[in-house]
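Take a look at the structures below.
Presented sequentially are two complexes of subunit A, the first with subunit B as partner and the second with subunit C.
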Partner chain A sequence: MATRKPETGWHGENSDVNHLRGRAFEATCLALTAFGLVSVMLLLLFVANDAFRPLSADVGWLATYAVTVVVPLAALAVYYYRLDEPAGEVAYVASGLPVVGLLLTGGFAVLFTELLSVLEWFALLISLVAAAGLIVAHGRLRPKAALERLVVVLLAPVVTVFGLPPTRFNWLVTDAAAALGLDFGLYYRVISLREAIMLLPFVPTDWVMLLLTLVLPAAGAAGWFVEQRRESRRDGLAVVGLTTVAAVLGVVAGPLLGIGADVWLLVVTFAVLPLGVYVEGVLRRGEGVRGLAFPVVAVLGVVAGSLITGALGFAGPDPWLDWGFLTSATSRTAADAGIYPSMVGSVMMIIVIVLTAFPVGVGAAIYLEEYAPSQGLMGKFVTLIEINIGNLAGVPSVVYGLLGLALFIRVLQWPQGSIIVAGLAVGLLILPIVIISAQEAIRSVPDSFRQASYGMGATRWQTIRQVVLPEALPGILTGTILALGRAIGETAPLLMIGAAASVRLAPNSFFDVGSMMPRQIFSWSSELEPAFRHGVLAAGVITLLAVLLVMNATAIVIRNRYQRTG
Partner chain B sequence: MRDNTMSTETTGPDITSRPSGRAARERMYRYVLLLCAAASILVTVSIVVLLARDAVTFFTLVNPVDFFTGTEFLISRNVYGLLPLLSGTLLVTVISAVIALPTGVAAAVYLSEYASDQMRSVLKPGLEILAGIPTVVYGIFALVYVTPFLQAIGLPVNTFNILSASIMVGIMIIPMVSSLSEDAMSAVPDSLRRAGYGMGATKFEVTTGVVVPAAASGIFSSFILALSRAIGETMIVVVAAGSRPRMLNLSDPLANLFQGYQPMTAAMVQINSADSVSQLGFTSLFAIGLTLFVITFLLNLLSNRIAARYREEYE
Partner chain C sequence: MTDSPSSGLSRRRFLTSSGTIGALALAGCTQNTSRDGDGGSADSGSDGLSGQVIIKGSSTVFPISDAMAEAFMDEHGSVNVTVDSTGSGGGFENWFCPGDSDINGASRPITDAEVEQCSSNDVEPVEFEIAGDALTVAVNNDADWVDCLTFEELRQIWSDEAGVTNWSDVRDEWPDMEIERYGPASTSGTFDYFNGNVVGEDTEHTTEYQPTEEDETIVQGIRDNEGGMGYFGFAYYNSNSEAVKAVEVKAENDDECTPPSLANAKDGSYPLARPLFLYVAESALQTEAVSEFIRFYLEQAETDVVQDIGYVPSSAEQRDENLEKLDEIAG
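For the complex of A and B:
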């Protein structure tokens, strides 16, 4: 041990002892950093084991898939990590895109089976387009009439989507229609364009309507995107043409393979088209092309694995989390229990949140970043708002539930446990998170952009709409997706507003009582039977976490792609 | 209505193609956006007003002194004492703090002072994942996996116990402590560290003797925020901590850990979901909720104050 000489007492003299102490400290810190992570990873492994029960499979089954899927993918991953990082990024996105696309497909499929028919969707969309057309046309014809346009903006959607309430004028219209022998069945009320479309005696088949309202707009957007990127109108048109051909071919050939026309069109819109555009981009840039091998190897491996195990007769595992779990309602017997109705509830709740909290949150962020004065009475008010938002982010979720209970159910007398109340209560909860993340995104747009826009004579709103928001959009999207992830997992507010412990039938209106995934999981957690505790419960947890994982991965990809560097 | 203002706006020189009405529209957007921003104030106000409305009803029937000092909470007998619920909340907060505060600070020290870029790129998002897992999932972890584990290693824990719930709350709030503390440590200017090295101090001495004390107020503010989060945590304790309000047993402190308790948040959920609750019992929900809101709100304010103070130090 170093001895201390009084005459040379410089600080680091006994450095061999200090080294040991420093090393020990660093190791302790690292161990403590890893403590939480490792324990949660272990717990997740336990849950995943309960949900998938891999050990219930034959050894041969496990070995086959290890050889055909796990080993090649692991080898590829190591290769990307060590030697070809751009390819790793490509592999990540190219494998993730179809997953996200299929998730969206599932969401829309649920929407069309539970919430509104394809015809209703078609009518609604056409009416909204007509309303937008009216507003634009008014802007062109009478560019100077601002107040008039305000009226048009407010009235056009009402007329096209909802129709006019009974007035004396309407009697004339309906009477005249009746005199002509037309009976709309809706007396004393001018029906909207939407209702008129619904009443048409002949409508196109479902797949034609989906083709017109989903596939073609998506293809058009992708075509426009490609046209911008390659500066070639022909390529853009090629995208639209190819997509349409693929869609129609699938509709014709789909029944042979057992794929419904509607599902195929959704798959084309949300999975095939984005993946195609992405792959085309990667191939053209020529950077990280090898990353495309990853999803191909994965698919080939699964196909090969299933062929081999089928031929050799190896039995697969009997997981709790299977197709039946995802598509059936909960049940008293663990083997039949499923999560489907509460998934529908979660999807509908997310729709409510996206339609309410998202616009209000982004609007508030725009005001606070772009308009808010820093001086005077208004300045003080704005400071108050900022402090208040920070504090609201720290209010416990159960208090938001109590607010929802008091405001929507006790004061406004809305149905207890209905999806709209759940969406609004959880929406209030994530509002501060949306505002704060949108503020950060808007703040990161350089001021020079705004000054350039003002210099061109743009007004403040034009600058925000044309310059700031497009630049800030990836950041806003990232923050919003993360906030929605938080919203999907929130349980306490759902308990307070009385969301159903479990429902047998999926809700089909926003005012129906619904259950949501975490609420359903919570009600399973009070079952004592081991089959529930270590089976159904684990499957529910993994489903919820998988949805969250996909959402967070999407947010991270958006962030990495569009991150402002420097 | 707005004709008057419009005409005054159009008197200026027109340099754009569609000048008139634009100013009115600009103003309209401004007010709509202001409304969005003001909505957050509305949320706070409605929380306070709506919670207070029913809480006042409750306090006209139950003496506030009895409520805040009562040692028994039994809705079926109309006995409303907050202390058993507070005991549960206190226990959760203390145990989770014992786990999360040292761990979080150690993680912050490691990430800010020691970690290589590669380690950071793994550990930091990893810690963020801990904060992103839904709390009901943590509750299930506690009930289904941690409690049997504790029983297996020989601790005399009940099926519902405060210990496993608090461990999970602790793990959940680690990222809150670590990320805010790390921000505070990164904000310590490098010149302070260099001065330390210049005096011949080792990295360990600089870290513990310079960086941590300089970031103390930020670390402290992260502690308070994490505690506030633990106090308000609901689902973990609802799932795993049981549903019996119980007073702290001061004569045998260790035995407390192994029993079930019912913190304030869990009591709120139980009152709300109970089948038959008297009107008075139902309004007690709002009294507890208001108490919880006030406690967490004050803690958040305090944390902001402390954090704001330390920011002034170096800028």
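For the complex of A and C:
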């Protein structure tokens, strides 16, 4: 082969190959990339400077933190990058995990202060567990009755959570039945388990309920995970025990440090426990252990920095984005303005979107990929639908806002500017994106998996449930989280459905009027005082960006994990 | 997650955890459910008054309403007062008359067509005059040629009839530079007022301008263009007086040129002084939250709060008249 001469001439034969065009093209591409990246970077730096105002600090303050935090972390980062790449990844996750955990903690803390009391949460969870118990018991008692089980699966949660329908409906049914000569005797409404728990004269205190419903299940899961990994039952139990002890100790000791019991339990569940399990994994594998130094150095640096600046009396910067900004409502005075109610609004809007767009989108994707006919006339029709879903993904967001206005406010008469309307309108907006990304994920499951499953005698339903969905789930989640990132930043639909410019109370229910972060940022942009348009606006933008970055980072981590194992 | 294959484990775990829980429960970790179970979100300062007040309407009135909402909510923490700026006309047409908002701010009186639209939805608007404004015409800081404009000149600039495109078309000695016009959108009450009182009912307001619902954008446009010109509420000039230059105005050629200021608006010497209104749905006034808020609003409208924002506060007689009207309707 090596001796055979090419029959047609190739460019290397005569030495007058011109590299100029290729080089010019490469240089142009590089210039375009650099231009895009640099301009976005500059913009972000500009906004961050407005939000944090680092230059308002003393020089000594900046120098101190540069020495205690920036220099050691930069040195570590260079070390990881050059010499110890696995440690770099460990450092990334070990620093990111607590941040995500604390954000989740914040989310749940908001949930418990604004949306439902701990008791309501407890009752809801117990009812759901009871429903699951009913379903499992039915499966044990009558393993063959598939249709009956479907009814149980659908009805059990409804009965335990909502009880029987309102009395008036029961009367209607009973009267109708009586006219036919039947006697149901449904004159009284049976309350649900959830409502029964709510009516108990004495219930455990809030922290006990949180311990039972959040900490122990999470600890149990972590313990089971560790037990599987280390193949040691004792280690698994140790995780559960340690977590419980840490939780209870914090509850007892917390008041001394000024940490509320509820907050501490949330921190344990969402930050301490995942971090602990991750650190355990790193230590066990013995790979990249040095990466664990990164968060430790960061925390020590901050502590040292604050001690030194406190002792020497250096004044820190006076940022717009501070704790007060995150915890107070908007105001006419720029210094008092905050983003809290709109942050709660955004979180609740995301909950609505997750509960609606995610199941609908994934359901549609499963149908289109796994069940929908691909041949014949119906196949053409399905193709048409798929093309239209693709087009819907490109429809301007303001149109979805109009749709929301017309459908939910004018037709259904739901309150304008309410969380549920905002969530559904934006949910419709990202629905096509969710469908398409879920379809991609399902399509990427190799057909051989399905064939193998069928070959072992599995039904289509069993194949989808046991083979396709578990394989596709990380991809589906990645796509959905990215779509949620888009949803949280959408402004136009919120304007169309009448989300107000200034809302000072966080919504307490999904039918409350609320504001969302992008809407609030937009209204600051038209304030009279320049301090709003520069400082407060920038702080709002950085907050929104931080939430977005965390969501995207989560998506990337899930995808990486998926690519490695899959 | 307790579905572990080895049953001994789950039993042991169950025993451990239930033992812990039992001990804790014995230690008296229960609470009485008769505590208020609303999640504890209602913060301090609530005196039992709760509910919701929805304000839409004029961007000119928005700063006043927003300040009132903030002050009111400091006293009544459970009343959710939300304020939005949609333009006077936009607020009437899209929110107030369909019955979706309780209060509409307006920088002009309600029109007959709007009253009709409201009454077809059983919404009866109640009018309160709450403040005064000096509509301000502004040009770029470098436009040193123009200090005073007559209504006639404004009419030429802001209607298409005279065919004015450049400053030199208005007065010959002015530079041959294009007039970049910035103004409120047609949903705005400021637009309606200017159209009705300066351009004239029979003349069309020009469409050759940058319309916007955000008065801030008008200021920016004028600031960045030497030939720029626009008009907006005095409050926006008040907080941007460095960025743009306000033009003195006279209604007739024989009149004196008067600069926009709160004092001149108050004594009536400024020809573009105009009243600002609040329209409240009569049915909404029957709810305690709305009527208490309006009472607070009308009382505060006479104080310096309004002046600090950049508007003329209502007079004491005006306030008393308003309160009397409120008592009559709200009962």
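Throughout what follows, the second predicted complex is superposed on the first by the 512 of 566 C-alpha atoms of A that agree within 3 Å, B and C clash if a C-alpha of one lies under 4 Å from a C-alpha of the other, contacts with A are read in each partner's own complex, and residues count from 1 in each chain.
Assume a contact is a pair of C-beta atoms (placed from the backbone, for glycine too) under 8 Å apart; a residue touches a chain by one contact, two chains touch by 3 or more.
These numbers were taken from a predicted model, which means no experiment stands behind them.
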| item | value |
| --- | --- |
| Subunit C versus subunit B on the shared subunit A, clash or fit after superposition | clash |
| Partner chain in contact with A:I387 - subunit B first, subunit C second, else both or neither | first |
| First (subunit B), second (subunit C), both or neither touched by A:R533 | both |
| Which superposed partner A:K144 touches (first subunit B, second subunit C, both, neither) | first |
| Touch count on subunit A, higher of subunit B and subunit C | B |
| Touching partner for A:S525 - first (subunit B), second (subunit C), both, neither | both |
| Which superposed partner A:L402 touches (first subunit B, second subunit C, both, neither) | first |
| Contacts of A:Q451 with subunit B and subunit C, given as first, second, both or neither | neither |
| Partner chain(s) touched by A:G22 [first = subunit B, second = subunit C, both, neither] | first |
| Which superposed partner A:G498 touches (first subunit B, second subunit C, both, neither) | both |
| Shared subunit A contacts, counted only where both subunit B and subunit C touch the same residue | 498, 525, 533 |
| Residues of subunit C that touch subunit A when the two form their complex | 1-2, 4, 6, 9, 12-13, 16-17, 20-21, 24-25, 29-34, 37-41, 52, 54-56, 59, 62-63, 66-67, 69-70, 73, 77-78, 80-85, 95, 100-101, 214-217, 235-236, 238-240, 309-310 |
| Subunit C partner contacts - residues on subunit A that touch it in the complex | 112-117, 119-120, 198-208, 211-212, 216-217, 220-221, 223-224, 227, 233, 236-237, 240-241, 244, 248, 331-332, 409, 416-417, 498, 500-506, 508, 512-513, 515, 523, 525-530, 533 |
| For the subunit B and subunit A complex, residues of the former touching the latter | 2-3, 6, 15-16, 18, 20-22, 24-26, 28-30, 32-41, 43-44, 46-47, 50-51, 53-54, 102-103, 106-107, 109-111, 114, 123, 125-127, 129-130, 132-137, 139-141, 143-146, 171, 174-175, 178, 199-205, 207-208, 225, 228-229, 231-235, 238-239, 265, 268-269, 272-273, 285-286, 289, 292-293, 296-297, 299-301, 303-304 |
| Subunit A residues touching subunit B - in the complex, by the definition given at the top | 10-13, 15, 18-19, 21-22, 25-26, 28-30, 32-37, 39-40, 43, 46-47, 143-147, 149-150, 359-364, 366-368, 371-372, 382, 384-385, 387-392, 394-399, 402-403, 405-407, 410-411, 428, 431-432, 435, 457, 459-461, 482, 485-486, 488-492, 495-496, 498, 518, 521-522, 525, 533-534, 537-538, 541, 544-545, 548, 552, 556 |
